Amino acid sequence: MSYNTFGHLFRVTTWGESHGSAIGCVIDGCPPGLVLDVADIQPWLDRRRPGQSRFTTQRQEADQVEILSGVFEGRTTGTPISLVIRNTDQRSRDYGDIATRYRPGHADVAYDMKYGIRDYRGGGRSSARETAMRVAAGAVARKVLGDMVSIRGALVQVGPHAVDRARMDWGMVNENSLFCPDVAILPVWEEYLADIRKKGSSIGAVIEVVAEGVPPGLGAPIYGKLDSDLAMALMSINAVKGVEIGEGFASARLTGEENADPMRMENGMLHFASNHAGGVLGGISTGQPVVARFAVKPTSSILTPVPSVTREKENVDVMTKGRHDPCVGIRAVPVGEAMMACVLADHLLRHRGQVGDYKPVVL
Amino acid sequence: MSYNTFGHLFRVTTWGESHGSAIGCVIDGCPPGLVLDVADIQPWLDRRRPGQSRFTTQRQEADQVEILSGVFEGRTTGTPISLVIRNTDQRSRDYGDIATRYRPGHADVAYDMKYGIRDYRGGGRSSARETAMRVAAGAVARKVLGDMVSIRGALVQVGPHAVDRARMDWGMVNENSLFCPDVAILPVWEEYLADIRKKGSSIGAVIEVVAEGVPPGLGAPIYGKLDSDLAMALMSINAVKGVEIGEGFASARLTGEENADPMRMENGMLHFASNHAGGVLGGISTGQPVVARFAVKPTSSILTPVPSVTREKENVDVMTKGRHDPCVGIRAVPVGEAMMACVLADHLLRHRGQVGDYKPVVL
Amino acid sequence: MSYNTFGHLFRVTTWGESHGSAIGCVIDGCPPGLVLDVADIQPWLDRRRPGQSRFTTQRQEADQVEILSGVFEGRTTGTPISLVIRNTDQRSRDYGDIATRYRPGHADVAYDMKYGIRDYRGGGRSSARETAMRVAAGAVARKVLGDMVSIRGALVQVGPHAVDRARMDWGMVNENSLFCPDVAILPVWEEYLADIRKKGSSIGAVIEVVAEGVPPGLGAPIYGKLDSDLAMALMSINAVKGVEIGEGFASARLTGEENADPMRMENGMLHFASNHAGGVLGGISTGQPVVARFAVKPTSSILTPVPSVTREKENVDVMTKGRHDPCVGIRAVPVGEAMMACVLADHLLRHRGQVGDYKPVVL
Amino acid sequence: MSYNTFGHLFRVTTWGESHGSAIGCVIDGCPPGLVLDVADIQPWLDRRRPGQSRFTTQRQEADQVEILSGVFEGRTTGTPISLVIRNTDQRSRDYGDIATRYRPGHADVAYDMKYGIRDYRGGGRSSARETAMRVAAGAVARKVLGDMVSIRGALVQVGPHAVDRARMDWGMVNENSLFCPDVAILPVWEEYLADIRKKGSSIGAVIEVVAEGVPPGLGAPIYGKLDSDLAMALMSINAVKGVEIGEGFASARLTGEENADPMRMENGMLHFASNHAGGVLGGISTGQPVVARFAVKPTSSILTPVPSVTREKENVDVMTKGRHDPCVGIRAVPVGEAMMACVLADHLLRHRGQVGDYKPVVL
């Protein structure tokens, strides 16, 4: 069974291979009447587009999105929104020499073991190119959430170099091509990444995504928890190996006293003194910022040859020469934001379905 | 929208509150003809049962499971398997004094913000008692997987004290009530937990679950990845704040060279020199052990009063006096194993549905 | 794959075999805060209960429903509602002599071909006993719909004897045990059915279900149409062989002029001059009564021996001696109503999820 | 909630409006390794294409399908298959005069009541043009089913004129543009339809679809029955108002003796003496031909003015002048076949998922 659909009421189905003629998605269940235009989607795609920094792949794709259905006279109709991006810079000959050998650390061998198919064109369906459609869908999800909810992502760690949270400045993130929120660490990262790139190596990273203005009550018990859906969503991004909410793995070292988020009524409003929980209790949003982080492994596309095998069961050493990112974590920032937007939009509709239109909670 | 069903082809729906008359689950989609009896399920429940160690809640539940349907003459029929456990030690008066106040760090306030309902009976649906049914379902999932697949879990960190992986011995895990695989750290943990318990405090933990013998090819691209389904499954366990696969968050610090898993043909079989990937590439199993870890926060039920509020919007300090675990991570070990079993069973059937019965892959 | 769950947001999972220890269902996604008690469900079950008319099976089941979860202090909590009915009159020896032979026209042979299992205890999972849980779920669905929506069913044809629509009186339906709305046809049916019963024969029937007060806008394009979901729901009832909406099969004989439902504004409200459409246009409710009919075949349990085979591939003639209904269509009336209620409740929540709380439509 | 996806393991999501720039579908879950090319799909589309008979709409669409993903080197890859047809003959000015008035009997008013959107371009999403993608998906489904299963459809009734089943000849169906299997009734239909067309009227019809070679065991108990999924699938086709399986509504008039399908072993094989059941018992296929029929209402697009209303709540009479079919049932024949193919393909994979690869059943 293949599963290329994400979400329940706000449902995104993506399709397309890295080097096929196009990639696209179908967004089903979007509320009607939302103002939507290519101009609402394209800027988010531009933000993710490769070739913007010397630390991301130099593949040049205009990534021009086209709306084929679901919008009439500038508004969503409630019927499926079909989005498509034509692939223009496919250069599949770059990959020709690995048609029969598996790139180690890539999905090549796993896909072949599953499907008996070797789609050697740049990873085929497993390519990170698919994430363009997540970003497009995320743009629509932001429309569903409205101005009430604001979602921001940042790179918070590159290899051994983490940001200093005391210096974190969200306003800075869009001012540099590394989505870095810490002015002091930025030059460190740039120097470090230049070195990684020069060596033909790659490095991992950690991304943080924060949603503010999320209404309380989103999520559901047990298997529809907001945080478990977020975990699935973020783990489904290419190269992600870990996901955490709030304190995350750090909570393993904390006592109950240290991890407590005291509550108080202040001016008739519920106020939390801290947010170790990351905005979610029992799988349900509390009105605090929803905070998630995810770890991205270093891409396996490196210039150092790595032992591998061929389809014909011969040993071979594989060096990947294509256009690749020294730190794929960089471009994962807008993708993480998009997945957060999609999960929240879906849960907003799911909550509304069961409980009715959101009313200001008394607390 | 509520969502109490987990899985696609092997589907588990749980129901029941901590202090209601019973808890139960319905397992739909189980293959027919599997030998199944209460004796196949009860031992796993006994392993999770509270009151077995002085570091877990002293609530005494026999947790006797009953099979109400789906099994005939000792074999599964292919129709829904209904399992039920009657609650016997409910003692709901323990919780009476917090009927109107929210326990900080618990789901109380979030449930009330969502549903407008305050089920003060020990957490109601959000209680960890629900995990008993996950363990029961996991026992059935193990039957689906057969002897081919072996799943083991262990506690690998308690507060600041992590196991030494060089000393890890899986054979030890079932020999102590802390599921500890490291003989040298065990007394450290015991002393540390005794102190936590004495203080009325609590502490976080990390659990590792490993599945060996998983056939290659399980999983699916993009939104049905084996690892993203695992992330959802493990994050859905009460108190879990982080999930990682293989190197997990450590991969953020690694270079592509360090993180590579070299492949070689050895005696006609594919062999990986390492397992940084945790057995999953591109969301699909490779035949290597599937390795997941998850972080459990310290329970918020502590003797130290924490600022909170009441339903009537008054400030109050809440101290939780009930029977609770100083380290809820301990009992999460069999639950983590069960979720791994359910995810793998579901993916085994999903894979078989799309691609047909598993055939030995040539590699 | 087995599929014992029905609905999307209002989701019902049933379990249990005819002669197992119990049958039950789990209702997930029910809105919170609804007043719900056993007394809201039991009367509907009593209405369906066998043994009330001499023309239905004499199996005596108290069919006492128990609520195991999801209700607290008299209101739904938004978490799963678990309902169970213990089987009390199982008398499985009635069926012992057909343990190895397939009852012709029953699901026996099909289940065995699918699962390789012969659950000879009165049909096991394929028994009409499962429909008791549909009726119970329907009672909860009616709570979701509220007083706004009224759902009524009636028997409109028994064998060759159809009601005269000019004489149809809904008020009569609950005054006789055949759910007959036509005072003149009732004695005809009684005499006809007495004869069928005396012969040990059986006869088919047609049931009509009408929902009034359904708000416009329920349903969804293409594969979530209100009428296609109704078709699935009604066809899933045991022994049903046909479903129609509005004019149904009669529409094949009509011209566009004859089948038109003219619209007019009257006192500022939209008014339809007729309802050939059965309340649904393009899969979406229009505010007119939703009208569905379904055909129930004669049960195959008859005293006349019918050629059949055994598991051991021997020819045999099978005569069914158990307690059975001469006209299973009679008891299908409350079941049809319940399925209509479940479909409407699900679509009400789905509509609210996508579009928001229902607002009085201007038309 | 919108619902434009059909099926569980073989899943089809369609998108696109009648007069948008394109229509398309995404087929997810298709097994890998199937030989698939545009030439496998196009002939089925050509068969459905309008303008082939003087009794169907004269809209001229080349309906050239393009495969955008999921096929590599002539074989399916197991990843989503994206199909698209560009709309070429949109002529939306034909519909301009009804931009504010609702066409009676069409979905116009219902869509507006649901979504608050009036997509006046030829019905938008509710147009029968969507069925082109069903036919395309059905062509892929036939590949999944393989040569084992043969699916055929025919028109069996046009207005008052039904075929004589004794004269039914499947070989004739593709020899005439009305999909008529009865050589004697064909001229009657042609004359009758010529008259209907001349009057600017329309007429209903009944279509029969038969699948032979369906392996026993497809389907599932209760809510995943093969026949209830067929009912949903066929009822979801535009203008369909009734669905029946086997004897269908005629079974209401039959006794148990008349409706029995006697079984006998003949030459070691199970043989049924008749097929009143239509190939399905208890929701599961028996190996007999699966027989379904559905009724299509007369299209509401007629030259006779019918009372209607405008968005501005004014009364108006509407006459539809566009290019329309006097008998939309004709073109529903290939659509019905396609839905049968999709349902069977889905159930084949679902059965394989739960029970394993199909093995010849002993009976």
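Going by the order they are written in, the chains are A, B, C and D; count residues from 1 in each one.
Note that a contact is a pair of C-beta atoms (placed from the backbone, for glycine too) under 8 Å apart; a residue touches a chain by one contact, two chains touch by 3 or more.
Just so it is clear, the model here is predicted, and its values are computed rather than measured.
Undergrad: Which chains make contact with subunit A and with subunit B at once?
TA: C, D
Undergrad: Minimal path length between subunit A and subunit C through chains that touch?
TA: Contact-graph shortest path, subunit A to subunit C, evaluates to 1.
Undergrad: Tell me which of A-D and B-D has more C-beta pairs in contact.
TA: Result of the comparison of A-D and B-D: A-D.
Undergrad: For subunit A and subunit D, what's the span in angstrom between their mean Cα positions?
TA: That gives a centre separation of 39 Å.
Undergrad: Find the geometric centre of each of subunit C and subunit D from their Cα atoms only, then give the gap between the two centres in Å, rounded to an integer.
TA: Their C-alpha centroids are separated by 26 Å.
Undergrad: Please report how many Å separate the Cα centroid of subunit B from that of subunit D, as a whole number.
TA: Subunit B and subunit D have C-alpha centres separated by 45 Å.
Undergrad: Of all the residues in subunit C, which ones touch at least 2 other chains?
TA: Within subunit C, residues 1-5, 9, 14, 29-30, 32, 78-79, 114-115, 125, 221, 349-350, 353-355 contact more than one other chain.
Undergrad: For subunit C, which residues count as touching subunit D in their complex?
TA: 1-6, 8-9, 14, 102, 104-107, 109-115, 125-126, 130, 157, 159-160, 196, 201-206, 216-225, 227-236, 238, 241-265, 268, 270, 273, 276-278, 280-287, 295-302, 304, 306-309, 313-315, 329, 350-351, 353-355, 361-363
Undergrad: Which subunit B residues qualify as touching subunit C in the complex?
TA: The contact residues of subunit B facing subunit C are 1-5, 9, 11, 13-17, 20-24, 26, 28-30, 32-33, 68-70, 72, 75, 77-82, 84, 114-117, 119, 121, 124-125, 349, 353.
Undergrad: Provide the residue numbers of subunit D that touch subunit B in the complex, in ascending order.
TA: So the residues of subunit D in touch with subunit B come to 9, 29-32, 78-79, 221, 349-350, 352-357.
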